[in-house]
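Here chain A shows up in two complexes: once beside chain B, once beside chain C.
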Partner chain A sequence: MKGPLIDSLVQQGVSRRSFLKYCATLASMMALPPAAGPAMAAAIAAAATRRPPVIWLSFQECTGCTESLTRSHSPTIETMIFDMISLDYHHTLQAASGEAAERARLESMQANFGKYLLIVDGSIPTANTAYSTIAGISNYDMLMETAKGAAAVIAVGSCAAFGGIPHANPNPTGAKSVGDLITDKPVMNIPGCPPIPVVIAGVLAHFLTFGSLPELDDKGRPKAFYGETIHDRCYRRPFYDQGKFAKTFDDEGARRGWCLFELGCKGPVTHNACATTKWNGGTSWPVESGHGCLGCSEPDFWDAGGFYKALSMPVRPATAAAAAAGVGAVAGLAVSVANRAKKSAAIRTHQPTTLEDLEK
Partner chain B sequence: MSMNDLQWLTWVRGTGFNIAVGIFLLGVVWRLIEVYTLGRKPDLAAPRHVPGASGWHTIVRRSLPPPGMLARSPVSYIGGYVFHVGLAIVVFFFAQHILLVKQLTGLSWPGLPSQLINLTAVVTMVAMLAVLVDRIRQPVKRFLSTFEDWFTWALTFLPLVTGWMATQHLLLPYTRMLALHILTVELLLVFLPFTKLFHAFALIGSRWYNGDTNGRKGVPV
Partner chain C sequence: MPLERIPVVAAAQWAVSGNARPLLHEIAAQLRRLLDAGEAASIDLSALPLNPADRDWLRERLGSGEVSITLDAEGESTLAETAFPGVWWVTHRNQRGDVLCELIEIAFVPYLVGAPRDDVATGLERLELALSEPNDEPGGRNP
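Entry: the complex of A and B
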């Protein structure tokens, strides 16, 4: 296997062998048959000559998703995405600015109408579209305009996928997800705050290899990566089953690596691949480092009742309880007074039956 | 956008929980005050034994089958014991449940291993199904059963089966099943004070009262 991509990787110190290994890893992570690894490598190498156009739009976001991808553990491998695609527009990464930048987007859209891949990170304000604009164009208009000619749309990060933090209560900007607004095209969600780099790379490789999006779950997420919960794959799961829980972040249980459920871990309700792929080149991941899962790849994780409250705990203290008990006491006393009044009335109006009455 | 599973779970853990606990406390306080302020005329008859002894004795005695009854109605007694004790274990010794009580009241105690709780839940469900089948099959029991009997059985069974299925990852995704579990518990809380399930609170008092009254009427207990 040869080609500009391999050459460029070799220049950056990545051997052809590690490239093939990486492709095999991607294929196996997506539960594809073994033959898919080499096919993927060939497709990625071929793509590097074709370089399918990609337009990356960033709306109400923090750039964390781009950072996650570009600063991933082996930057040369995961950022090869930028070698295998023609990234025609990306605020953070492109050199051009202003008019020239917007022109690049429009030119790519015209030249590749119906063929380009649209990647979005960030949510779209709809309460007032002027809340977030780029070159005087509102996020909403830019998304709609760019989505028209897109072959597929990928919403990267929880903001684009589900609205994320901008969508958190009370959602001042009326933030919406990409999937809320684009309904006539396939939209794939890759949520996470940020998403796992290898997941972004994996689905892009899938798109390049097979020309289609991988199988998605009911929330538009690739099943290969979001099919199981963190809890199902957690190495601390046996402690959960044994009922061994860390009670604080520095107690004996925490030191022994017991389950973090009581410290608010949202692993049981969170679908993501952190427990298997880990982060930073397989170094660790949140639960391994001693902190519960925040549930960042689930819709509205920000409003799910607090990061440090266990799932079996009420979201807020039952403050109305005392008032309700008070109302109950008043109601009970009122009924009691009524009962007593009825009893006294019955006693008052009681007419004794005499022998004469019976003989009448 | 319609409510997704996690939003639904958050609602049952928040607003839904508050409403349910509110109605539960309101109902319990109301009914306890109403019952205990009914007022009884002082019973001037001398108690057969020490004053109050019959009351205390009755509390215990009515938890045991009268002579011969265990053989005549084994499903009611054995099934009844198993599911009551099982429920108590599952409700009060599952670590996640203790956590809930701890957050609300500050009280906590050690939990039991999840596997033991799972096993207990299964045994409890089997016992509940047995008493249900018995109630359907025995003509007298069926005749005496009202809507409330079937309804309260379902109210008790649903939290048990949903909780067990949630921990075992059966039928529905965990998030949805957990939300359903909490919702069914909330239904139980809402209806408990206003149905025969109120025996959880009234049982001891009413047994004592009956026993004490009987003790003053010469009924040997």
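Entry: the complex of A and C
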């Protein structure tokens, strides 16, 4: 095990054994087979000490994704990762503001053209780009300008990956995902509302270790974390197989921890790692605390027909809204007319969650 | 209604889901491979749908063996041999004591235990440097 990085770590008093342990936990975090630990150690040890630059752009979002990453409960690993990258621009976390902040972004883009990693959270308004701007630059222009020199683009959170809540019916801002707009670069999606912190960190670690994005599924998500459904990895799955379901949130079945399928759990159609990675430092996760999965890492989860409706229950087709959506491409004044049409269509097809839904 | 009036009922105890049993078959297959081909393997427990009862069940089935190693490397790690020689229960913690990952390793000796060759070389340099310095101890003789 030789190379610039391990040499500099050894000089800082880190033993090779500590480093090997770190790589073993990193492999586990990245959902790689444990045998990958020693191989990763060799790859990382040989990495250059120059930290890869990262530019992080936040568009139509709630900052929950950044909160998720920074409130992570395993500081050692995330800190080591941030010691390994150079976060050149992140307008929530950086100390600089105003012109100095924008200059930092432009300087990093010029100095590292073709090499930096671009991370985006939030969706991009396209109906009128003035809906969301930073330093007078529209989200759309900033994304296109910054993406030009990026080695790869990572869309963090369901808004950046699929449009998310801004994209929810009737989508007044014409919100689009990063993948809708960037077509000439590798784009990886890390959806979730927010995504699991170790998943964000694990994917970054993969890029740093191997210099490439991990294997992706058909929705651009890393297979290591999104390869299986919540349902397939759920500890309550055996109850589903036995036909034991909670019928209400306070019945005997709920108390015994039976399957939440009939209470609207979207686990069977949701791909994410919550069931095994869990949340808050492995404390718990939604199903473990007695509530079904909302399906937040899937496209259009907000419009999937009610969080408390069982998957087997038919959802009324939102035909009027779909028809109006086809008009959305028209520019200028027509857009606002179309949006108004979409909005009234959405009001007509709106399906409120009633008390009966909750008391099923 | 005041908060005290809300009755608090302790959640039901975890029940074994049956997800741990197949792991014993995997461990048996890996042990066979260790004997036949000398290939070590590990199973990452944090990637598997085990509830606390499943984990306790597995721990109980595997039991505890003769060797238990504590590693102090950026946080404590414990590598404990189970009642089945060659099967180790490995827990890595960070400096705050949080569990980072739990593994079952199938190996004659877990690979983290052996001293890395380069660390041995660095250690030897340090020792030789210490020996080359003047010996101040009573009765000591300088080289």
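Basically, the second predicted complex is superposed on the first by the 266 of 360 C-alpha atoms of A that agree within 3 Å, B and C clash if a C-alpha of one lies under 4 Å from a C-alpha of the other, contacts with A are read in each partner's own complex, and residues count from 1 in each chain.
Operating definition for what follows: a contact is a pair of C-beta atoms (placed from the backbone, for glycine too) under 8 Å apart; a residue touches a chain by one contact, two chains touch by 3 or more.
Computed from a prediction, not measured in an experiment: that's the story for all the values here.
S.K.: Tell me which partner A:S18 touches in the superposition: chain B (first), chain C (second), both or neither.
M.R.: Only chain C; A:S18 stays clear of chain B.
S.K.: Give one of first, second, both or neither to describe whether A:T277 is in contact with chain B, with chain C, with both, or with none.
M.R.: The answer is second: A:T277 touches chain C but not chain B.
S.K.: Could you tell me if A:E262 is touching chain B, chain C, both of them or neither one (first, second, both, neither)?
M.R.: So A:E262 only meets chain B here.
S.K.: Just to be sure I read the superposition right, which of the two partners does A:F245 touch: chain B = first, chain C = second, or both, or neither?
M.R.: first
S.K.: Looking at the overlay, what does A:A95 touch: chain B (first), chain C (second), both, or neither?
M.R.: neither
S.K.: Using the touch definition from the top, list the residues of chain A that touch chain B in their complex.
M.R.: Residues 180, 219, 229, 231-232, 240-243, 245, 261-262, 268-269, 295, 298-301, 303-305, 309-321, 323-325, 327-329, 331-333, 335-336, 339-340, 343 of chain A touch chain B in their complex.
S.K.: Which stretch or stretches of chain B touch chain A in the complex?
M.R.: The contact residues of chain B facing chain A are 1, 4-7, 9-10, 13-14, 17-19, 21-34, 37-39, 95-97, 99-100, 103-104, 111-115, 169, 174-175, 178.
S.K.: If we count contacts the way the header does, which residues on chain C are in touch with chain A in the complex?
M.R.: The contact residues of chain C facing chain A are 9, 11-12, 14-15, 17-19, 41-44, 46-51, 54, 71, 73-75, 77, 92, 94-96, 98-101, 103, 105, 111-112, 115-116, 118-119, 122.
S.K.: In the complex formed with chain C, which residues of chain A make contact?
M.R.: Those in contact with chain C are residues 1-2, 10, 14-18, 20-22, 24-25, 27-29, 31, 33-35, 38, 73-77, 233-235, 237-238, 255-257, 275-277, 281-282.
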